[in-house]
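Note that chain A is present in both complexes that follow, paired respectively with chain B and with chain C.
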Partner chain A sequence: MTAIQAERRAAASGNDAWLTRRRWARAGWLYVFMLVMSFFFLGPFLMGLLSSMKDNPNEYPPKVIIPQLTAQYVSRAYNLGIQGGNSGWNGGLTPGRQVTFDVSVRSPADAPQDAPAVSLFPYQPVSLVAIARQAQAKDYAKLNTVQVSQSGDTKVYRTTVAYPSLTAQTGEVIRAKLTTPDSDVKAQLPSGEIVKVTLDTPAAQEKQYELSESQKVELVKAGGNYYLRGPLFERTPMQVDVQRGQSIVDSTLPPSDKQNFDRSFAFRNVTPGILGYTFNNYRRAFNETMDPKSGRSLFFSWVLNSFLYAFLRVASAVLFCSLAGYALARFEFPGKNLIFLGAVLFVQMVPTQVNLVSNYVLLKDLHLLNLWGLWFNGLVAAGGVFLMKQFFEGMPKELEESASIDGAGPFTTFWQVMLPQAGPALIALAITQFQGAWNDFFWPLVLLRQNTDFTLTVGLSSFSQLYGGQGDYGLILAGAILSAIPVIIVFIIFQRYFVDTGSDSAVKG
Partner chain B sequence: MTVTNPTAKRPKAARSKQSQTTTTALLFLAPFLITTLIFFFYAFARAIYYSFTDFNLFNTPKLIGIKPYVDVLADPSFRRALANSLIFAIVTTTLQTVFSLLMAVALNNKIRGMAFFRSAWYMPSITSSVVITLIFLWLFQRRGIANYLITQWQAYQPLILTFLGVLLVVQIVQVLWERSRRLPASWIDPALAAVSALIALVVVFVLNSTGVVGVREVAPYDVQYFADRWISIGGVRVLSIPLLVIIIQNTFTTVPTLMLFFLAGLQSIPGSLYEAADIDGATPFQKLMNVTVPMLRPVTFYVVTVGLIGTMQMFDQVAVIGSAAPQDTLITLAFYVYTNTFKNGAAPVNMASAAAIILALIILSMVFVQRKFFVAPEAN
Partner chain C sequence: MKIQNALLLSLAVLTSSAAAQTTIKINGYGGTDPAVVGDLINKFVKPALAKDKITVVYEPLQGDYNKSLTTLLAAGNAGDVFYLPAETLSGFVATGKVLPLNGVVTTSPYIKSLNTAFTQGGKVYGIAKDFNTLTLVYNKDLFDEAKVAYPDNNDTWADLQTKLTTLKKNLGNEYYGICLQPNFDRFGAFAYATGWNQFDSKGKTNLSDPRFAEAFNFYTGLAKNKVGITPSEVSEGWTGGCLKTGKVAVAIEGGWVVNFLRDNAPNLKFGTALMPKNNKTAKRGNFLYTVGWAINSGTKNKAAATKVLNILTSPAVQQYVLEQGLAIPSRSALGENAYFKKADAGAVNSRLVFQGASDGNVKAFTFGPQGPDWSKPINDALAAVLSGQKSSADALKKAQQDMNTFQNR
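This part shows the complex of A and B:
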């Protein structure tokens, strides 16, 4: 408050311009400070968001401008997706299509002048669910590399990845999933019907025993028979090697990984599409936790579980916390103070770990080690009761008095008169409960024993146990960002209530 | 006697109305009371009971007296957990309270766009501890962003120090000059500081392009944070580096929320108090210590209480980091209770219960001591 002092003295000397200048400068510094702090508080999230899109989130030094967010490369990824899978978003490689990918190699005069060695390599994900070995693009597609142009000592090579169809039949093309094979290869159509798959070429018959259950394939329906066109590939990983002395100066997409003194470039996927390029880790979070048999993604189940749990918690809190809070605020009865002190205040001070053993054993005996048990365990939050009690105490009594003159019973009064008035408090309660349930970690970790039952927080921590050791942070960061999104959306919509309730209860103590 | 007769009837009616109210109230409270009784009081009682038995989840519990408590106190990993929890709670609560108070004081301004900044800063507080811990695990890798920023700081140190030095000198010169013109410029006059910063920027730019000072070549800063490294005082391991990272993380996530509490408190302080202090010629620091801090006592009480209760129970971060750091460096009381309850085979659940009871006693006595020695806020 030297400001006031100084301003007073300055005003006394009648120096208005000096004062104005000073006030502007002060506001300027304040904005600078606030920007720096915003950067500090948002930085980790923004950096995490950015890095979750990188090929390698651990790259050092970390880059801020990345090809995954550069218009030029995103549009190339889109084009490659169309070439390979007829889908600019999903990409992939489907039978009968071909993709061209350019690589520029600089070969100085004293270096070998050979064309680069181009090959496809396999990709098999590590996952929390048992995934059968999927067919690999390298076993089906053929590569052909030719030189297309030259400027100075830099030659441009064009590699064509061609994936010929395994059948010559034409007709309606259907996507299907292979089922458990018996003497024949069988596939389940999108309609649910299981049909026999005809392998009508030597090339197709050769692959008969390599295709495993739940492999996605493309079939062609002709004359009542289903002919195998070939498996579908989400990824086409490609590798380019050059000789010592040569160097790769440019390529259609930047490499995901460079090795062997930058003479060996690996491209994670040359048919990515936009989802496979920019949002690859997000897609992986869903796809690589997919149980091939049920077709359900583990990550997706976690999201659903989290939503269900949050919804149940909010519903029960809105109903029961307001009932209890109202009773504590408005009724006079023996033991009221004891209930308030014991069940509302004391409960909030005792650490939850005290109840760990008993509640675990109890719910286990009731066979409730699942989402429902988790819900019962936190059915009525003491903090919520406190919030609603404070709120109802602040409301005028006249409302109820007139209702009781009209002959309404206490429950009718509560339900039809008081609860509709409690909108803001209920929203605040719902938000805190949603946030609490969505971010809850301890009890879900204790009570949920099967990975299909997990909520997002527990699932994410199991993600980090599996992928953290390998340093695969792309997947972990993508999962973390995805799980933060719902709370952020709720926050943006209801932020007024977030900030208000927090400070209110603090001042009230 | 005849006179009391009609009045004797009234208490009876009142009593029946009273009992009706009690029934209604209990009905309203039923869901809350029943779940609290089962999942809290029954559980609490059972935890106390188990802590005096030989229970291991599979046998029939048999009372064995205070042996579990003796075992727990003799367990080196319990002692480490106790030390870690206490240090974590005290350091984190102190840091978050001080930083949030200072930030609130700095931000107690009504300026345009304040709402936007407040929302932005709230972000760390609304996301789950699991998400933030995962992001921090990634930031604090050996070749992570944190180490990269430290490397950059070291590399740009000459430029930054030159900038600050020039800024300081120019500011002093300017203030002295203004004062010689009898203008009441303070040492941190914002307008002059802006000019000083501009001049310092130009000077650094010129010095850099002429090659007088420049960016240093430094080796990448390469500290492994999640390792068995400790800050020791007198040969006693006080604070482990992984725990320090969690302290930073927890402070980072809680400061914005607590700052909003303090801001709300600050705005309820009457301006007349500051004016009175101005008249008495108080310095800004004196005003902070003698007006702001005492007036914020209720909020501070709340913030410290909530902070202590929360930090003593710290669990999520330890569980998420899991095997990424040596267990001794991070184990807390809550995590000790959890691991002992779910140990493979016959779990020492009695010891876990005893540890949980000890944790509860510590927290309750902390709250009690605080209520006793710091003025508690008037209940609403």
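This part shows the complex of A and C:
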């Protein structure tokens, strides 16, 4: 007997072990499945984020560990930013400062032993405002390269980029922007005041006709006069060339471009700062889309327009859909079903493209080819009315009855009893409307004419039209990532409100 | 009483100014064009037209320009003046919405081939805004390293082939002679060099013409032994991208490649040469890529629109556009401009693009009345041979069959 019992016990414990294994295996599969799914959904976003930070987002095979995210190089970029522009974040080169940059060159015994040829080069990516030629560091800064050390056949050279101030005057240093010159050079101070700029040295006078409108400069205020210290540079592009037989083995920052059998290194910016190094394309998206008329960043306006449009759409949807939904759910009035069928269901069945022409012509005649017309066009979402109607129909009637016993009229019932219960539905409505408005492309493309009026989606399509042909995918990716972030944030914050109302427990018995 | 008077007065002022003010609307590309044209309007058009009470607005059409313009023309909402791409000229002329400019604008100061590009049935429909042609752009470092002479303006097809083959042999596996787009957009220029015509008198395309075959065999023959490759083989989308990698010595591209290289390969040393000459005809072939200014035939302000067009094509504007490095001007007199005499790589490229318009068999880049699908049989044949799937003779035979089917539609 005992033998049989023992056998059973063993079988049962084997069974238990098997069950436990199965349970763990099932959990394992679930986790693998979820990991794979999140990889598929988040992968493109993360890859885009990574590529948007690279110098060459197109590189193949793509690297996952990039210098822009390596602590060593980011801290060097920070240091270079401090040396050049007194700002570890923004970087740049400002008058009176100097920057040192090291390059190690290996010259075997049979190769030339010369120092590398170091020079600055003009670099201004083609942008929406390509016509405003900005001053180039090349024309203002001086270079000096010396050998600082040697180990074996590798020599380390230190290049000093010095940018002397164009004036000897001292006093309060002010940043300003040049405006349309007449016989004098004029600048607009941060306060808005336009002042005459004095060029008091031959070096400064030489540059008088090279500085164009909207150039940012540094002035020094002394004795009521404003003296030009020099233009401000966001970038200091530097190029290092070695001869055949030599090779460049190390440099303070890795090169952004290599040519001539890796004997020519280009550093698009040796004074980047962290923003100019890791987030270069993000900074460019804002800085290089200045509207020449207003001096404001187009990208920034697009973001604001998108937020404004999304906010307006959400506000109007919440207001009108809840009112209409409640009326359709609870009130009895003639033609109710007809309205529901015609204005809610049928409207959803007609593709938007069908009323493209009529809506466009109508809005054009109303002079509403702008953001307000866009809002007007999507003022009431039929889908939202449907959602709210269904939601209110699902609420217990007893709530309203008890309200009316207490003497509440229909509006008070709606406003004080029903609407506060409708939180989850309103949040669902708000999220879908926000996402819909934020991602809306078709109507903004049709209705918005001026590039200052664009929403982000239309702006981004003009981005890809503009920079895609130029192979500037980093900038497009940066724009796309920036446009995806708000939707992700909104979803993450609001998804926890997708819970039940608790209205079931409001009615007892 | 005083307030009433003031109101009446201001109302009168408003209405009178509204009556006298003429607005000319211009339709053009999106992208950088709003900034460029806006700048031209502020600098040149506004000062000249201030006393005529003409205001000018630029309305860019985002996305597919031809589609948008067709819609606007059909709806009667198009601008008084608009961009007219030469490649879609015939389609727009057929609508009757483009005003013939004969007797309205003098066309003699413009490069002849550009006027031809905008001429249909003896009438001129557009004045070239600017243009581009193809040139041979090369990486100097690769030629130096291979110890091969740079391509020059006297090269024939055979010379170019020898140079590229030697370069490939000297540099080895990692490097290539030329990037070849399997596309009529680039190959067509070689076909024109032989004297081949895109359409015969009946509007048909003859791909079995021995001259076409000669160009086809030369172009695809460059791919032998990987001397020439397609852009995708170096993970790029176009031949300018090939140059950027520093692994490919030559690309056939227009002036647009200069800004691309400046932005994407700032330390690449490049040079430019004219397109090589055909061995037999001793002529180059080339495409003219051009966009013109045209006037809407339905405009209510023809006189004002003409004034605006004349200012936008004036020597002052074209010189400004050239010197800012924005585009190549269409006035033949500007060939003497000091900008073209500069030695930097970009200016040399501009000069050769400008020369390209009047050297050899130069034709406007167009697909004819049936649109871009016309080039599909040719592109397919090029792709099949460049990738080694078909022999040249087979591919040409298939292309001719497809072309016949397409043109008999």
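In this text, the second predicted complex is superposed on the first by the 472 of 509 C-alpha atoms of A that agree within 3 Å, B and C clash if a C-alpha of one lies under 4 Å from a C-alpha of the other, contacts with A are read in each partner's own complex, and residues count from 1 in each chain.
Just so we're on the same page, a residue touches a chain if its C-beta (ideal position, glycine included) is under 8 Å from a C-beta of that chain, and two chains touch if they have at least 3 such contacts.
Quick caveat: nothing in here was measured; it's all calculated off a predicted structure.
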Joint occupancy of chain A by chain B and chain C, clash or fit: clash
Which superposed partner A:445 touches (first chain B, second chain C, both, neither): both
Chain B versus chain C as contact partner of A:257, first or second or both or neither: second
Contacts of A:137 with chain B and chain C, given as first, second, both or neither: neither
Touching partner for A:488 - first (chain B), second (chain C), both, neither: first
In the superposition, chain B vs chain C on chain A residues touched: B
Touched partner set for A:426, first chain B, second chain C, both or neither: neither
First, second, both or neither for A:465, with chain B first and chain C second: both
Which of chain B and chain C A:237 touches, first, second, both or neither: second
Partner chain in contact with A:123 - chain B first, chain C second, else both or neither: second
Partner chain(s) touched by A:58 [first = chain B, second = chain C, both, neither]: both
Set of chain A residues, in rising order, touched by both chain B and chain C: 58, 60, 445, 461, 465, 469, 471
In the complex, chain A residues that touch chain B: 1-2, 4-6, 9-10, 13, 15, 18, 21-22, 24-31, 33-34, 37-38, 41-42, 44-45, 47-48, 51, 57-58, 60-62, 316, 319-321, 323-324, 326-328, 331-334, 336, 339, 343, 347-362, 376-380, 382, 385, 390, 393, 410-411, 414, 435, 438-439, 441-442, 445-446, 457, 460-461, 464-465, 468-469, 471, 473, 476-477, 479-481, 483-484, 487-488, 491-492, 495, 498-499, 502-504, 506-509
Footprint of chain A on chain B - complex, ascending: 18, 21-22, 24-26, 28-29, 31-33, 35-36, 38-40, 42-44, 46-47, 50, 55, 57, 103, 106-107, 109, 111, 113, 117-124, 126-132, 134-139, 141, 143-145, 148, 182-186, 189-194, 220, 252, 256-257, 260-261, 263-265, 268, 274-275, 277-278, 283-284, 287, 298-299, 301-303, 309, 312-313, 315-316, 319-320, 322-324, 333-334, 337-338, 341-342, 349, 352-353, 356-357, 359-360, 363-364, 367, 376-380
Of chain C, residues touching chain A in the complex: 30-32, 34-36, 38-39, 59-60, 62-63, 77, 141, 145, 235-237, 240-241, 244, 246, 256, 259-260, 262-269, 324, 326
Touch list for chain A against partner chain C, complex: 58, 60, 121, 123, 125-131, 133, 237, 239, 241, 244, 257-261, 264-266, 268, 292-293, 364, 445, 449, 451, 458, 461-462, 465-466, 469-472
